[in-house]
Each structure stands twice: as C-alpha cells, then as structure tokens.
Amino acid sequence: MKTRRQRGEEIRREVMSDPFVDRALNNSNDFDAPLQELVMETAWGTVWDRDDLPRATRSLVTIAMLAAMKCSNELKGHVRGALRNGCSVEEIRGVLLHAVPYIGAPASLEAFRSAREVIEEFEKAQQADAE
Amino acid sequence: MKTRRQRGEEIRREVMSDPFVDRALNNSNDFDAPLQELVMETAWGTVWDRDDLPRATRSLVTIAMLAAMKCSNELKGHVRGALRNGCSVEEIRGVLLHAVPYIGAPASLEAFRSAREVIEEFEKAQQADAE
Amino acid sequence: MKTRRQRGEEIRREVMSDPFVDRALNNSNDFDAPLQELVMETAWGTVWDRDDLPRATRSLVTIAMLAAMKCSNELKGHVRGALRNGCSVEEIRGVLLHAVPYIGAPASLEAFRSAREVIEEFEKAQQADAE
Amino acid sequence: MKTRRQRGEEIRREVMSDPFVDRALNNSNDFDAPLQELVMETAWGTVWDRDDLPRATRSLVTIAMLAAMKCSNELKGHVRGALRNGCSVEEIRGVLLHAVPYIGAPASLEAFRSAREVIEEFEKAQQADAE
Amino acid sequence: MKTRRQRGEEIRREVMSDPFVDRALNNSNDFDAPLQELVMETAWGTVWDRDDLPRATRSLVTIAMLAAMKCSNELKGHVRGALRNGCSVEEIRGVLLHAVPYIGAPASLEAFRSAREVIEEFEKAQQADAE
Amino acid sequence: MKTRRQRGEEIRREVMSDPFVDRALNNSNDFDAPLQELVMETAWGTVWDRDDLPRATRSLVTIAMLAAMKCSNELKGHVRGALRNGCSVEEIRGVLLHAVPYIGAPASLEAFRSAREVIEEFEKAQQADAE
C-alpha cells in the first residue's frame, strides 16, 4: 500500500502536471525540502485523496479560498490545476465573480489579474496545438 | 422585467428560506435597512443570478470563502442554504476538510463548530419529519 | 510637559468617556496592565494627538479599519467614540455602507450588527434625556 | 434616468480620471470584462453615489480599509483618487499614520511604500506644470 | 513503530492534557470526527514531533500566530498548553505584548482577553493546590 | 536617560544592522519620515526593550506573526534580524514548518520563498568570509 507521501506526490502530479511538480522538487534545497515533503503528505496525500468531492469541485473550492486569502502565487497554480481537472474557463470565472460580494472588489481584482495570466497562457497553448 | 433588487430577494428566499429572509427584513431598522437593500441587490441580485455555476456549487464555494474569512455567523446561514440547494452533509464536510491544509487547522476548527450546529438542527428536523 | 502616557490617557478619556477608561483601568490586573499602558502610550498618546486630521475623521477612519479587520469589540467602542467626537449616525452608517464593496458583505454584516447595538443604546439614552 | 452602471462609470471617471478608467476598460478581455461591469455597477454605482459622506472622506476611509487589507494595487489607485477628490498629502499621510497602532507596523509600512510612489509621481507632475 | 496518528494523539495529550483531548474526542460526532483525525495526524503528529525547536518555544510561536489570526478559542487552548510546556505567565505575556506593534492593538486586546481567562483559572487552581 | 526614540534606534541597529537602518532612514522623505519615527519609538523602543523574552525568542515569534499576516517584505528583514540575534537556520525553518498546520500551506509557501532568499544570501556571505 502506498504511503500518504507517495499517494500525495501521485495526486499532485495528476492535478498540477509533471513539469510543475518536477520544478517544485528540483528547485527545493536543504532549507525548504522539508516543506515540500510536509505539503505533499499533509495536503495532497490527505484531503485530495478523499472521495467525498469530485476533483473539479475541489479545484473550484480551492480557488475560492486562495482568492479570499489573497495568495496570488498559489492561485495561479490552482487555476492551472482546475483546467487540468476539467473545469471550464467559464466555471473558473464564475467562481471569481461569485467571490466579489463576499471577499470584496479589491481582493477579487487581484485574483482576476492572477487568474487571467494563466488563462491567457492556456488559451495560447490550445491555439498553438490547434494550428 | 424584474429589477436586480426584486430578483435578489426572490433568489435569497429560494436559497435561504422565507422565514430566514422575513426575519432579516423584519429585524432591520432605520440604521441597517439600507444594508439589507444593498446586499439584496449587489450580492443576491447579481452573482447568484448568473448561470455559469449550479447553485449547489455556489453554496460550496461560498462556504469555503466564509471558512477562510472566519465569518461564523454567515457560514451558518450558508450551510443551511447549501442543504436547501441540494448539497449533502458529506459534500459540506468534504469542503470543510478540504480547507484544513489551505486555511489552517484553527480556522477550520471554528468553521466545523459553526457548521455542526446547523447540521445537528437539520438532522433533528429530518428525524422529526420522519416520525 | 505631559508625557505621551499622560497625554494618551487624557485623549482617550475625551474620546471614549471617563466611565469607559475607568472601567478599562479598574478591570486590568497584573497580567494585562502593561497592555493598557502600552495602548495608552503608543496609540492614544501618538497618532490621536496629531493635528493632521480632525477627530471626527479619525473616528470614521478607525471604524473603517476595525470593520475590515472584523474586530467587533473594538468597533463598538469606537462607534461610541465617534458619536462623542461629533459624528452623526448617518455618517457612521455611511462609512459602514461604503465598506460593503471593499471588505465584502459578510464582514459588513458583522460590523453593522455591532454598530447597531451601540447606536440603539445611544438613541435610548438620548430619548431618556429628552423626556 | 441613468442606470447604476452608467452612473457608476461616470463617478469612477470623476474620481479615478478618464485615462485610468479608459485603461481599465481597454485592458479588459473576455475573461475579466464581467468583473469590470460588476465593479462599476456594485461599487461605483452604489455607495460612491450616496450623499451621506463627502467624496474626500470616502477616499480617506477607502485608503484606511485598503491599508488594513494589504491591497497595495488598489491602494495606489485610491491614493490617486484621493488627491483628485481634494484630499491633501498631509491628510493621506495622517490616515496612514493613524493606521499604525490599529493594523500594525508591517501592514502600515507596506501601505506607505505604495502610497509614496503615487505621491512622488503626483508631486513631479505638479512641479512640471508649475514650470 | 507508531503511526503519525498515534504519535499525534500522544503528543497532543502531553501538551493539552488528557481531559482536554478526551473531551475533544468524546464530543466529536459523525460530522467532525474526520477533522479530529486529520488534525491529530497532520498537526500534532508532524510538526510537534520535530526536534528543531523546544516545546516551550513551539507554544510561544503558536500563541503568536493565533493572536495574529484572531483565533480566540484555539488561543485559549494553547495558552493552557504553554503553561503545561513550562512557559511562565511572564513569557506568555511577553509574547502578547511583543505582538502589539506587529498585529495592532485591537487584535492584541482580543488576545489578552482570551489569555487572561486561562491564566486566571490556572492561578486559582495553583492557589487551591497550595492550600 | 535615553528617550524611547533613542533607545528604539539603538535596538533596531543592534537587531537589523547599521546598514539596514541607515538605508531606511536615508531613503525616507518628507512623506514617510514620520512613519520611521513612529515605528522606531512605538515598536523598537517599547516591546523590543522589555526583558521578559530573550531577543532570539522575539525574533522567532516575530517571524511567526509575519508569516501568518503574509508580510513578505518585513519577514525578510526579520529573518536577517533573527540570524543576527543568534537564531540558527534550523530554528528559523522550524518555526516556518511549525506554521504550516496553523496558517495553512499557501501562506507557509510564501513565507518560505521570502525566508529562503535571505538564508541564501547569508550562507553565501558566510562562505565568502570563510574563503
């Protein structure tokens, strides 16, 4: 049976992509390697492995929390993850618009700026694939 | 055609129940009546009226943001709304467990305490109906 | 010349009333007396003593920050202070309504609940005086 | 009669300047255009249109909340708006100094850094005009 | 070898006391039992089991974060834990006073109110023991 | 006897280094000089001058709060200060790992990114000295 740590890495790779996880692991050094291990085990290897919510819903819920907490960097990663988990651009936008009356306009504007960067990259990549 | 204000009250009644909205409106006085109007128009009459997300997803996303912002009072209202919008207790719990590695254990413990109160009332009411 | 500590207590008494400050000081014990001293000196004896803003504006600005930070207890104290500093109920309400699109509806609803308690006490006291 | 949306754009142009609003609208794309509409209607077209506070006070109160929420980008915009609404540099500084004991030194230092950039641009532009 | 879950419960019992953990576990129901398990495993069974900081330092650092996040309920638990981990009342007060210029006076006042309740109970219990 | 302002500058220089404080003072202009004075007096000249906690503990506690509040800029300064106050890299990492279950993974990842920059500079400088 897989350990939480192994299961965590597996799920993180499925959601965030191999290049993303490879980069996170390769960039880590003595100082922050234990953080990568802790996040892999206690975030990806626990709640993302539960079956009470579909992954696409987890992605939308994660985006909502990251917008509320104004964590732009992590938000970008999870917008990418949401697209990989099958969420449409319209759903992601729907969550960020839904946030406006709850978290306020300033936090929402910040979230939109970060999300838009990722969406634009994604749409360019799709166009390039189509050509 | 309905105004945003009218549409907002209609949706709020569907999601939060007539008794809840009646209480909010009847309890409002000169001081906070303009707040009730503003919330009805700019929260319920706008984003809740969009069709880019199903209402059950809006409920789960709202619960996630309220947990992240530690707004216990509003969280209780929206756990009730989530149950009315067809979310199961398992899905609501799934969102709050998913929040643990993102918002931290202390904020999650607070959210669970508030949500549990509403879930217990709801389950008692269901049992009473069944008898 | 007065020390910051002395000047702080003087201003705090003017803004928050003698009974309020007496209660804060009398209720303090060995554990939190140093906090009372620190707050008197580094909040009331510094920025409240500057002349770049009228006191009524300071009150409104303080209420806005406390609403944004969801500090209900302190908000109540400063709504009382605002009324003593000559702010009208309409201005206080104006600030809290202005906050809605910035800090979001949930934080604003919490702020209104706290402010309303103080406004109601204040209006009762005024009526009693008038009779 | 103007709609909230129309009134919102009008007020936003008065407070934030035509070039600022033109840029915001021209930069918006399919993804974030609905956010621009929502903000125009539910922030600028509602509370900024109320007459219970002078615009200069609204600006100061907004700056206070944005400092408390650490929204640097929006803070810069509203420091510009405050200057256009007739607030002096001394009043803006007064609000940010007043914030120190309430929101803490770290958030205040961040707010000062952002505000200073805008103030410096503004003073350069004034000098250029004077020459 | 003990699992993280087992080690977590062991450490939590050492820090928070048996009655505290028994109460937490006995009070949990179907809804929040998975939260108790998750917290035991991913908070108590991981970072509290590291040997890079003495437990007393962990307690002080935890109190500082809970004060910054305004989590009063959890703060009370960890003030109790700090006393059990050998921190003196003076050190706990030292941390909360140190917080004032960083998190601001309002959040600090809230933290002091919560901590004081626990300190008073503790000092009463000590006096009763001494008699 | 030294004033709080003088004592504050002295302590700030000991903790943050002369070049750091010189830079902060030299960079300040008419707009933000009063902030520098206020911070020197009400943060460095008060709580950092108390003897209820060793300076190394103050550093760790400060880092914990800055991570919780997501103040990256200030966090970097205080990681430098912690190293000057005699904290080891292992202790600083211990605090940031300890934060993960409390403040959540996204805020912790942000704190690690900022801290790592400072640690790397510090280790390079040490190596250069050794050569």
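By letter and in written order, the chains are A, B, C, D, E and F; residue numbering begins at 1 in each of them.
Keep this in mind: a residue touches a chain if its C-beta (ideal position, glycine included) is under 8 Å from a C-beta of that chain, and two chains touch if they have at least 3 such contacts.
These numbers were taken from a predicted model, which means no experiment stands behind them.
A.B. asks: Walk from chain B over to chain E along touching chains and report the minimum step count.
C.D. replies: 1
A.B. asks: Would you mind checking which chain's C-alpha centre is most distant from the centre of chain E?
C.D. replies: Taking each chain's C-alpha mean as its centre, the farthest from chain E is D.
A.B. asks: Report which interface contains more C-beta contacts, comparing A-E against A-D.
C.D. replies: Most contacts of the two pairs: A-D.
A.B. asks: Using C-alpha centres only, name the chain that sits farthest from chain B.
C.D. replies: F
A.B. asks: Quick one: report the Å distance separating chain E from chain F, using the average Cα coordinate of each chain.
C.D. replies: 25
A.B. asks: Using mean C-alpha positions as chain centres, tell me how far chain B is from chain D in Å, no decimals.
C.D. replies: 31
A.B. asks: Which chain A residues sit where two or more other chains touch them?
C.D. replies: As it turns out, chain A has residues touching two or more other chains at 38-39, 42-43, 46-47, 66, 69-70, 93, 97, 100-107.
A.B. asks: Tell me the shape of the graph of touching chains, choosing from line, ring, star, complete and other.
C.D. replies: Here the contact pattern is complete, since every chain touches every other one.
A.B. asks: Within the complex, which stretch of chain C touches chain B?
C.D. replies: The contact residues of chain C facing chain B are 70, 89, 93, 96-97, 100-101, 104-110, 112-113, 115-116, 119-120.
A.B. asks: Could you list, by residue number, the parts of chain E that touch chain F in their complex?
C.D. replies: 39, 42-43, 46-48, 50, 52-53, 57-58, 60-62, 64-69, 90-91, 93-95, 97-103
A.B. asks: Using the touch definition up top, name the residues of chain E that touch chain D in the complex.
C.D. replies: The contact residues of chain E facing chain D are 101-107.
A.B. asks: Along chain C, where are the residues that touch chain F in the complex?
C.D. replies: 38, 41-42, 46-47
A.B. asks: Provide the residue numbers of chain B that touch chain C in the complex, in ascending order.
C.D. replies: 29, 31-32, 34-35, 38-39, 42-43, 66, 69-71, 73-74
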